[in-house]
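Paired with subunit B in one complex and with subunit C in the other, subunit A is shared by the two complexes that follow.
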Partner chain A sequence: MVGLIGRLWNLQYKSIVKEASGKTLAVAKFFCVLHITNTYLCTFALAYGPSMIPTFNLTGDMFLAERLSIKFGKVGPGDIVLLRSPESPRKVMVKRLLGLESHSVTYVVDPMNSDRCDTIVVPKGHVWVEGDNIYNSRDSRQFGPVPYSLLEGKVFCKIWPPKEFGSLMKSGMKDPDL
Partner chain B sequence: MRLLSYMGQWKSAAKEVLDRTAIVAKFLCLLHVTNNYLCSPTLVYGPSMLPTLNLTGDVVLAEHVSHRIGKVGTGDVVLVRSPVDPRRILTKRVVGMEGDTVSFYVDPMYSQTTVVPKGHVWIQGDNTYASSDSRHFGSVPYGLIQGKVFFRVSLFYLAYTHPTPPPPPTHTHTHTQTPSSIFFQKNWFQLQFQFRKYSIPRNEACFYFVRIDGIMEMF
Partner chain C sequence: MSPTFNPRARNFTDDYVLVEKFCLKKYEFSHGDVVVFCSPSNHKEKHIKRIIALPGDWIGTTHNSHDDVLKVPKGHCWVEGDNSASSMDSRSFGPIPLGLVKGRVTHVVWPPQRIGLVERVFPQERVSSFK
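Here is the complex of A and B:
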């Protein structure tokens, strides 16, 4: 009698375990697909901070960034890019790309205190990034040109807040002669 | 009527093709995820890490977990994306972490000292005479590190390691056999995996500098 109950319990247990593992596998597969899409196709992210005003708000804007252009080398000056910070490797920041390798970039060194400009030729394999709000942005003017491999994505569309929804393709480009 | 039967056959064939493709795709996905996030065998070649790694190529196992949790330190051999050419991955040794002071020779008479800035590492090849590394392009951001090498997989032919017992000595000389005779024996080919750890502790990494300095001062 006890043996029968034991066998019935095993049977139920087995089917429960099978169903649970099946559902877990489906969820895991879904997360895998999501992760692959995020890493290789398109991802959305929230950016906060003052360095890209007026393009992005201080308190945070959500946007979509795609990863294919970086891998194929199709970024150019004027694009907003996602890049890993060369100073803190766990931080990802959003800046505008102003110069590719061998471009000559002119930048205002310290706009709060003076109008002095400096020109630099971006070395091979590097890019020059700057925030749109040059008064309050930590970018290539402080840490120098950034290796191209640190770029992670190109921002192409802003999705939140809804009234600022829209494409971000080179419309608010800074004057490259500045 | 025959068209309908053809369509039916087509459908089942297409379904089978799709199923098989799905299995292959899933396997490739798993392989890709393992290669990128866990451990991957990589072929490295070039003269810049002699004598640690071969000129003509070595398969090394590199793990991709340590650099994400910040466990890369001085003395580790790492795979790092080149800051000069974003499509190339280099194999070098980490000689200084952020905040460390590194000294290097730009030419045999003149040495320079720099402090590695925040978020960067200083990498050098073991063969300093034929390596383009941080001495040429400066310290490298930590985010460019792709993985840490921990094992080397190497193949040894039987000519170098001989498992069968040596023949009885005919003369009094020690038991040696010419490589050609070994080569043509019955079990002439044998794989041997050699595992050698590559991370050296911090104080030994400093010793690298002292040793190089000592050699240079003799000139």
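Here is the complex of A and C:
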């Protein structure tokens, strides 16, 4: 009699354990896929700050960035990129790529105080990034060209706020003749 | 990085090392850490060198046979190979952003006779940090 109850209990216990481990494995698999996607394919990020006005708002816009273009070198001038800051490695910033290696970039050194321009040739393995709002942006004009390996992703789509949802234009510059 | 890694050229096997990535959560390194980083001139290459100076340190270098003292900028570090005679490091490409570091080398795991901890050593007489 005791043996029978013992065997029944074993049977129930086994099926509970089997179901629990099955569900845990499924959840673990899901998180693995999520992590791989986030690290190697596509991630979303929230950007705040004035340096990319008018493309991104001061208070914070959410957007999607994909990582494959960076790995395969398919970024070019005019793309908005995610990059790790060369001044604080724990910070990731959003800026517009303006020049690849060996490109000649002309930039306004200090637009608040003067119109003086400077031209620089981007060294090998580096890129030149600037914020769309050059009046209030800390970018390559202050810390110089950044090594290509600091790039983390290419922004392709804005997802928040909902009324600004959509893919981002390659170049945020408006036509000055219009 | 001879003799820390690959002490004899044209050996049967290269040294294999263990690289830990937990240090990338805070990017806090110490003087003498051996790190793996992406080359600043070619994003497809990775190098292994030792961190000699951290952000804010003053490092003594020799530039065109003059002795020079440089301040390592914020967010950057100065890396050098242990084999200074033949090493492409910060003495040629300058300080590198810490964001380029991809891991810290802790142990040599192969070949078996060289298994062991990678020591933290650096030339203290060339670096001064005022903190």
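By definition in this document, the second predicted complex is superposed on the first by the 148 of 178 C-alpha atoms of A that agree within 3 Å, B and C clash if a C-alpha of one lies under 4 Å from a C-alpha of the other, contacts with A are read in each partner's own complex, and residues count from 1 in each chain.
Convention: a residue touches a chain if its C-beta (ideal position, glycine included) is under 8 Å from a C-beta of that chain, and two chains touch if they have at least 3 such contacts.
The structure presented is a predicted model; accordingly, all values stated were derived computationally and were not measured.
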Overlay on subunit A: subunit C relative to subunit B, clash or fit: clash
Contacts of A:20 with subunit B and subunit C, given as first, second, both or neither: neither
Subunit B versus subunit C as contact partner of A:121, first or second or both or neither: neither
First (subunit B), second (subunit C), both or neither touched by A:11: neither
Which superposed partner A:32 touches (first subunit B, second subunit C, both, neither): first
Which of subunit B and subunit C A:46 touches, first, second, both or neither: neither
Which of subunit B and subunit C A:147 touches, first, second, both or neither: both
Which superposed partner A:86 touches (first subunit B, second subunit C, both, neither): both
Residues of subunit A at both interfaces, subunit B in one complex, subunit C in the other: 84-89, 123-126, 146-150
Contacting residues of subunit A [partner subunit B, same complex]: 32, 36, 84-89, 123-126, 146-150
Complex contact set, residues of subunit B against subunit A: 29, 33, 81-86, 117-120, 140-144
Residues on subunit A engaged by subunit C in the complex (per definition of touch): 84-90, 123-126, 146-150
Interfacial residue positions of subunit C with respect to subunit A in the complex: 26-27, 38-43, 73-76, 96-101
